[in-house]
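Supplied in structure tokens, the structure appears directly below.
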């Protein structure tokens, strides 16, 4: 006799919501202290809406986050979930109340084109429980802008530095302060930028010590790390919030 | 005088069906024990239908398989070949009776996005004469799900482990059992995942011994190998089918 | 007060032998059915001797294996462990009785330069409990040698095919039989062979279905997989042993 | 005063036809013995028609060739130049009488998907003055087809061997004969085939001596080399034409 | 007249100690809160001794660190600077009193071969003012060891996870806790490990959120980041020191 | 209480024009002597028009330049800014009077397909204050065209040499003269041209001394460098303008 | 009972000389018309001597060739085989009478550093039965030398063009003549020459049609192809020999 | 009869000195205005001495330069050519009087490890007829040193900026001035610095306009370009020499 696929043997697990097309881990908050997050790439608008609604129902007192949401799915969310907050630059959505921010992460971006990644990082940080200070358009070819914000950088509990092209900004920022720093290479550039590989390699080889790096365009990953650092940091003098 | 192309010299070969646009090897079963398979990529819907029909006529008692079939060709097959079974997740088609499965292959997938590759592997295994046990959504960042299925993995005759991103799942599974294991990297990921190269390299460098690897997204190849292993395996206690 | 390193907190674990410079997993056999193995690269001659002796004392009834042993360490083992069997081509050592082989793996090598990797695979297979049939010097540029051994290949329970340069041998062998096949690329070659990358890519892209691949020069990994497949295989007519 | 661009200084050169959008070298035949050729990629349908017509007017007694012609441009050529011969598989056009072929090139292709590149090579050879013998669907995973044509291969003055995926076919063919051989990797494949790089590396590292290689999908380049070799070859016994 | 090199124009800068062969930044502590560090690679034994002595004289109350010190230079330091503490595994030296550690970093290493990088990270952390908890030999192919230390991991203020080969350990650890995590790929491996690139890519593509990565073998960089995070962290219940 | 994003803290900086979606540096001319430039890639037609207008208002006496402008944005500029000069080949726009050219840059292009990059370089040079001499269609496979213009090359103050495919032209030109030379690889080619990487590597490895290179397709960058060199050059005998 | 390795089953094959450490194909001449060749890399001096002697005994009337012979093995050959001819630049040896050359191959080298590869090609051509015309030191940065030998190039039956660095020489030579051309990239260069990859890519992307390429430093492979072409070529007016 | 190698046909060329092992171009000065240069890599001490002496005899009134000279050859030169000037940091030699420098090139180096490449650039510039201003140890992680020399940078006629690791220094320098700038990546770094590829990619993707790049560690090439620019520059106020 033919052996059937035995996927029906899937056990009931209270830590998992089985939506048919996906099994959603609803226990992550207990394990890591982080909120629930939906990775929207490759999901249909309906799937994004359904997962957001399910997670929100299980965690009504804390915002859930969806990242990498397509234009089409953003529209679907706006129609189906009127309480959702949509961030069109970050291509991200939150549903439910944001937590009170503890500590501050300064999110620094080199150029206008890096804005979507910086916005994804900033929203991720907010949802993960820390405050944000945005510093934009401070590329290394115009040092005066960067030097003008040196104090804001030094006052943060963690830095997220976003840059494409040669990815030099984290090295320069890392030489100015001793604040923990996460560098995010972006795919901004052309030719031998190799879709962000040049910036990634530059950041991994930074001459400034203590710089850590995440994947290309991964504002979300940088935001999670930075929020964990900032919300655990001891209060500093002059700290907002 | 001009020398014409001499392709008309092609000899008649009983092991080959000449369809004009392709010469189909109809002798593979005798040589390898495997069924006939159509690689659908780059073929028109009409070509897929014609090859499937021809192979089925020559092998009416055993299912033929078509993989990487386009959406358009799936529709054409459904219209032209009402007996065909269509697997929309795997983007694959079978025509003719599936063989009785001997032995069992557990097909393990890390995430929802790996489902198409896992489905292609599972269907390939069925068509090649072995049984399948599907285990889905057991990524390494949620070990509890994986540990819960440890016995099912150990009971299989062969494992196919499908994962994208960093491709770590085969290493963890390989440390839990001594069952022969084939790892399949998928192109799921972005940035420095390099279209699956990161997962491929991870699997090739696994610290767990005895892991073998196939090309990125090649569920078919993994399935052929695993089915051959499983159907040749001696019966085990508790073996289904 | 200064916080000391707390590595002294390491718990006593009966599954681990703590040798100071390394914690050796002595429980692997129970978990996977495989023997204990020492990876000799980067270890001093004394360390290789000590680990081999320790593992042999815990498993006196089953051979332990050391691979990638330096010339210097082979000499040290010969002096310190007179019962050890040394394989100078494979640069490997066994200590303790080899198991009775179940099933057969044919180990096929393309050229003379591939011999060390083929020898490592063959010895690994023996130590992991299967029999071996060696087939050497059957490169694709001399098909007559390969066709002459076609029956031996078809009679095996698993094939390990070792080749450097363009790595074409597995494709040709894979077209001749339906036996499960593991391909091992070697670093034999120069220039654009890229230290074995060319052969690795060739094997991953083989047009013959069901070929799986291990890392460059990884005869050990191929041997573990193949031995597991062969020793689990149902007896075949004409099977030796 | 402003310095104007001095492109107007372009001198009149009888070896060049200046069409405004391109300067066409009409002197190549005298220098190399080869016909005039238009590389159609990136050119508009009108440009392809105009260049073909101009070259044909200057060389009415010998076919000119256009390669890499888009579908759209093929239609435009058919409408505007009724004497043109269109090869839809090769995506190429000839205009003017083909020369009498001297010598023979066997064009060998591994699979159906390699047909466009093989067709481009075959037509190029014809236009460059040699005869062609096409041998299709002789992949290395089905050696019997290849061995059946061994004599045709040995009778040629030059071989063009076209293959994608692992690119193993030239090695096997090169082991069967001593005829000069040009290998053409194609971009057929997926995943770690890297758009033909795997096949290219395989061919460059072939264990069969005397194999030379051209760029990925470059049937034209292989055809030019092979035609030059064949048309210069001394007549052989049994040579057609 | 010949223009001489004008390097003599170098201005006197109180933040820099000019040793002839190098200008040493002695002001970094004030700017970043970190100690002075000597990168020993490419420096002669004499240069290492001289720079260590100079920095220690300017900062007698705080340890200075030298990393990547050659065997030869370690011997020279031991002879010339009897108060120096030498870590032969980390190939590093400290001179001067270590600061009291604030907060704790758990340094987790996958295998014995990763020990030098883990040791460099651990010593760097101590010198930069945080405490260390070492966890060794917890590879992903032996999950039981890792699960046994889960509480120690959760109790840390930051994690440094060191692994070579496929680099899967950070993903598994990152799924077990929400502690900020820095992953360090090592060059342990062979063949397609590409000198650590495989592990680096694996870590950058981790499916566990919030993992950041440093360059291959860069225990120092990971240690700097982790120490900054840990020493700024608010005290936790059960915190040592 | 929740910590809001503090981007509102952005200080007023007279060197920057804040347009909402971008902060435009309007001080670059004073710092570098170069004009203002808009990088059009990724910007909407409206954004391109607005930035061009703003920069022109602040610098009415000197042309501003926009590069990499989409077809759509070129149309918008033509409608909204009737005084703008549009270069459709270069996909670039200028607004305002071009400066008087000092010195001359010869812009040499290998093939018709390199024309857009050469045009971008030429326009950039004009806007940055130097004169241009265009030399087109002088590939290395037709040396007679190149040798015919040898004197024009030697008369220039700087050379910009644009080539795709193997990128050999700068080596040949660099052997003919001692004029400072900037090489620009283009993405023209296919297969192993790797999107211009082959040409880039060729130029970096040129056997002719003194050749410098810019990123793939970066006519703008080459033009800026060359214009700075030419406009600073001392007048030469026979120099135009 | 234990299954022994069955390598003793190796059949006696008259086409193979079994030397214990290697099975030497002594039938290649019959199959391809080429002489016997020993690839010396990785072989001990004794092995090289033994294989040369064996092959010479079987083929006393035709030279055998050994390539890539180490300094040490060259000395051993000189001592043991007084009739051997040693080419120290090519690091190659011949034993037995060279055949009368039919046709001529011009071997063109760009620089002094390319001499070993050019010498290997030249000797290979001689041993494979064609004549050689050496043309050295004709790099593209000094066109006058190249133009001075244009007639010698046009008079050859085949060209082998050897170049490192950017590998531009084949493009320039290929534009001057219509003779079949094989390009050999060498590993001469540094930095981004990537051990010859830059030259290899340059040659594969040549803008001159009909250029074929062999692996980096593979003078032997180029020589085999070129000799086959030249010795088959019809006699030309003014042909030497 | 056997066809001998016809290299004896080499014609006498007054522009070339034939030394047996190399043909030295002694006409470069007339063609390019540059001095004669010997590339010492791969040459024996005797060869370096002989070429230097020959070139000096033909050009007694102008210094000849040898770069990449081995330690052993430097000693041989010191013994054989007492008038030679040896630069041990640059591993270079000059013989004959240096020309009077016209214009100034500022050579800027990021770190101590970049000194050999900077020294090679500086000496090359001097030999090629321009003056040099050295600026060392101005890495981007310590901006204060760089800002302190801003005026010296702006006063130069050309800049050579040398940096390893992430290669960020040219971007920062390029943002401070409008002086023509050549960036030199060095192989300083480890891990994912890939022997200087990371720095090379960073420089090619610089966000500062007008930066051109040379090959890794190619101080010589940068020096040639920069000297040509500087010596052609119109005199500036305050210019030395």
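We call the chains A, B, C, D, E, F, G and H, going by the order they appear; numbering starts again at 1 in every chain.
Convention: contacts are C-beta pairs under 8 Å (C-beta built on N, C-alpha and C of every residue); 3 or more make two chains touch, one makes a residue touch a chain.
For clarity, every value in this text was computed on a predicted model and none was experimentally measured.
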Identify the chains in contact with chain E as well as chain H, in label order. A
So which chain is the furthest away from chain A, centre to centre on CA atoms? G
Hey, which chain ends up farthest from chain B, C-alpha centres compared? H
Equivalent-chain rotation between chain F and chain D, CA atoms, steps of 5 degrees: 90
Can you check how far apart chain B and chain H are, centre to centre, with Cα atoms defining each centre and the answer in Å? 57
Using Cα averages as centroids, what's the distance between chain F and chain G in whole Å? 46
With chain centres taken as the means of their Cα atoms, state the distance from chain B to chain C in Å. 27
Any idea how many Å lie between the Cα centroids of chain A and chain D? 51
Provide the list of chain C residues touching at least two other chains, using ranges where the numbers run on. 142, 176, 191-193, 197, 200, 204-205, 215
Just spell out which pairs of chains touch, all of them. A-B, A-E, A-F, A-H, B-C, B-D, B-E, C-D, C-E, C-G, D-F, D-G, E-H, F-G, F-H, G-H
Going by the contact rule set out above, which residues of chain B touch chain C in the complex? 31-34, 37, 157-158, 175-182, 200, 204-205, 209-215, 220-222, 224-225, 228-229, 232-235
With touch defined as at the start, can you tell me which chain B residues reach chain D in the complex? 1-7, 9-11, 13, 15-16, 21-23, 25, 41-42, 185, 187, 195-197, 200, 215-218
Residue numbers of chain D touching chain C in their complex, please. 110-111, 139-143, 147, 165-168, 171-172, 174-176, 189, 191-194, 197-199, 201-208
Chain C residues touching chain G in their complex are 98, 100-101, 104, 112-113, 122, 126, 130-137, 142, 144-145, 148, 152, 190-193, 240-241
